[in-house]
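Labels run A, B and C following the written order; every chain starts at residue 1.
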Amino acid sequence: MHISTNIWTWVAVLLTFGIFSFLWKDNPFYKFCEHLFVGISVGYTIALTWYNSVYPDLVTPLFREGKPLYIIPFVLGLCYFCRFIPKVSWLIRVPMGFVLGWASGVAIPAYFQTNIIKQIQGSLLTPAIFARWDIFLWALISFIGVVCSVLYFFFSREHKGALRLASETGIVFLMIGFGASFGYTVMARMSLLIGRFQFLLRDWLGVIK
Amino acid sequence: MRRSLPLALCLVMGIIMMIQFFVPHPVSVAFYDLTTKWIRIVSAFALVLGVGSLVLYHTDRLRRKRAGWEYSIVTLAGLVVTAIIGLGWGVKPGSPLQEVLFKNMLVPLNASMFAILAFYMASAAYRAFRARTKEAVLLLIAAFVVMLGMVPVGEAIWHKLPEFAEWILSVPNMAAKRAILFGVALGAIATSLKVILGIERGWLGGGKG
Amino acid sequence: MSFFEKLLKIDRKVIFIVIAVLVLFPLLKPLGLGVSSGPRAKAVFDAVDAIPPGKTLLISVDFDPASMPELYPMLVALMRHCFAKNVKVLLCGLWITGAGLADRAVTEIPPEYGKKYGEDVVYLGWKAGVDAVILGMGENIKNVFPVDYYGHPLDSLPMMQEVTRLRDIPFMVAISAGTPGFADWLLYAQSRYGMRVGAGVTAVSAADAYPYLQSGQLTGLLAGMKGAAEYEVLVQKNGYSRAYMPAVAAMDSQSLAHIVIMVLVIIGNVAFFATRRIRR
């Protein structure tokens, strides 16, 4: 066992235990760590945004290279500060309109292409599925599953008769899907805990490699 | 003007960017390049809103001495100190921001916050996960198969278990998730269209004008 | 109170202690259960393996310290695979808190293979604007990242003379903890620029990626810590690395943890139904 002598490792360990102390009960040490986390995250974001985005993308071209067109996004960006000046707070809507319009316009063809057209193509039953009996069976089951699951979400008509049968079949597929997601979620959460324990045992106590 | 200007800007940008996807003309591409640059700059300024809201909330809590006001000092101090260190000494590797604040404070705090979820998930699974209905039983079985199939012990129990888990993920789970994806994509497209056309105006906020 | 009622009312701290002990134990005394790789991880491996030497793999580091245990081993294994095959690595990120993590990998891994920054690996850094960043890179990477994460102008980096836009890159892997992530790369980089995309995701989002796998939009998937372990094993089995495998080392704990959760659910249900029966 080689306990770390690095003071910053001990700081990291203390903060780890501070957060873990919440498992016992809510306490001032946990609250301190929680609030510190929020403060440091935001401060880190400010610093990185300045050096990685604002300085190379705006300050350099506008103020150092003298490219006048950059004044437009600069002014649009400054409008965000108007949020805190009641008399002109409406100006914040201008950059928001610009960004929302741009993002929505760009998103529509992208969503159609990626999440509608390609997914429909993937669902279609093509001659290739007859290559083997199992490929055919799984493709058919998938197709039925997709159609029935979509029909489950169709609430414009009462689920009666054939629609009810399809909807109930859809529920079966949805439950299996949610079960699979839950199984994977268990794995995810446990992985994060294992990662923290690995840090404590390896970097702090030195009992594992 | 306070509402019509942002709405008009949103409409114009939305329609232009939708059409731009299909137009490879050099003017169209040049406009696309220009607006993509501007969006990155304006997006960086959006940070102002988040930081401003956080600072306003905590300064208000401090001023009015509301419950937990002492912790607001921690948040604000953390924010200011981190931002000053980052802006003053830079964000490059080896800087105090990266070596001390990121590595030894932000990482353990962030990681530990999510690591404790494992405990709560285990507790919730014990207390709340009840196989009361057929659907719940289906969900449970799918979860168990995936949980066992995705770890080495599952293969040790039955060598075909990973294959069976993979089948559950690739066939019924895939079908269910695809149906949900269709719904989400159609919803996103509909919302984007509503934003562009000014039918969805929640982003304008309330107040006068 | 019957035994089953007592069982239902057990203090949750007991459950916490059980979880902690059973996760810690295999880390200290490994059980020796092996890890075999599945078809999804193999698909990512084969796609990276097929990149000709001298060409570039793009890795998008879209995660934060919270997801490090699952995703950081994937990043490291991918970089080791590339360097062993003389494939260059270009990194960027859509998550601001992932910037420091990518930097750590860029600092630690290339020297193991004698690789030089600027010639064999470049880290572009993080930039605000997700979709604008991806779309901008599709046209011209230097427009989006005039300098890299360390402040070097891209023009001064030999590797970036051949890689100017996304179409110059044969394959990319988006290592993502959520949104923004691989879905955004599919939405913008693949739909507009035909980018081939593989994904490394946290286990939480793994089940949601299967529609993209089936439609062929995703070339392979590394799912959670198991996916990371599978890739580590593939890299080592093919002789590309002999380094310590942290994800593989964690799989014994993972196995035990899953069994514990299953047992807890079963006990909870048995106690619940037994209690209900007694009350009737």
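Keep in mind that, in the parts below, a contact is a pair of C-beta atoms (placed from the backbone, for glycine too) under 8 Å apart; a residue touches a chain by one contact, two chains touch by 3 or more.
Source: prediction; values computed, not measured.
Asker: In graph terms, with chains as vertices and touches as edges, which category applies: line, ring, star, complete, or other?
Answerer: If you draw each chain as a dot and join those that touch, every dot ends up joined to every other.
Asker: Among the chains, which is located farthest from chain A on the basis of C-alpha centroids?
Answerer: C
Asker: Most contacts: which chain pair?
Answerer: Most contacting pair of chains: A-B.
Asker: Round to the nearest whole Å and give the separation of the Cα centres of chain A and chain C.
Answerer: 14
Asker: Roughly how far is chain B from chain C, going centre to centre by Cα mean, in whole Å?
Answerer: Whole-Å distance between the two chain centres: 17.
Asker: Could you put a whole-Å number on the gap between the CA centroids of chain A and chain B?
Answerer: 4
Asker: Using the touch definition from the top, which residues of chain B touch two or more other chains?
Answerer: In chain B, the residues touching two or more other chains are 21, 37, 39-40, 43-44, 46-47, 91, 102-103, 106-108, 110-111, 113-114, 118-119, 121, 125, 140, 144, 146-147, 150-151, 169-170, 173-174, 177-178, 181.
Asker: For chain C, which residues are shared contacts with two or more other chains?
Answerer: 16, 19, 23, 66-69, 97, 99, 127-129, 135, 192, 203, 206-208, 211, 214, 223-224, 226, 254, 257-258, 261 - these are the residues of chain C that touch more than one other chain.
Asker: Could you say which residues in chain A touch two or more other chains, in rising order?
Answerer: Residue numbers touching two or more other chains: 23, 41, 44-45, 48-49, 52-53, 57, 103, 106-107, 109-111, 114-115, 119, 122, 142, 177, 180-181, 184-187, 190, 192-193, 195-196.
Asker: What does chain A use to touch chain B in their complex?
Answerer: Interface residues on the chain A side: 8-9, 11-13, 15-16, 18-20, 22-23, 31-54, 57-58, 69-70, 72-74, 76-78, 80-81, 83-84, 89-90, 92-112, 114-116, 119, 122-123, 138, 141-146, 149-150, 152-153, 170-187, 189-190, 192-193, 195-196, 199.
Asker: Of all residues in chain A, which touch chain C in the complex?
Answerer: 23-24, 41, 44-45, 48-49, 52-53, 56-57, 60, 103, 106-107, 109-111, 113-115, 118-119, 121-122, 142, 177, 180-181, 184-188, 190-198, 201, 207-209
Asker: Report the residues of chain C in contact with chain B in the complex, numbered from low to high.
Answerer: 8, 10, 12, 15-16, 18-20, 23, 33-36, 38-40, 64-69, 97, 99-100, 103, 107, 127-130, 132-133, 135-136, 139-140, 143-144, 150-151, 192, 203, 206-208, 210-211, 213-214, 223-224, 226, 251-252, 254-262, 264-265, 267-269, 272
Asker: Give every residue of chain B touching chain A within the complex, in rising order.
Answerer: Within the complex, chain B contacts chain A at residues 2-3, 5-18, 20-22, 34-35, 37-52, 54, 56, 68, 71-72, 74-83, 85-87, 90-91, 97, 99-119, 121, 125, 135-136, 138-147, 150-151, 167-186, 188-189, 191-193, 195-196, 203-205, 207, 209.
Asker: So in the complex, the part of chain B that touches chain C is made up of which residues?
Answerer: 21, 29, 32-33, 36-37, 39-40, 43-44, 46-47, 91-93, 98, 102-103, 106-108, 110-111, 113-114, 118-119, 121-123, 125-127, 129-131, 140, 144, 146-148, 150-156, 162, 166, 169-170, 173-174, 177-178, 181
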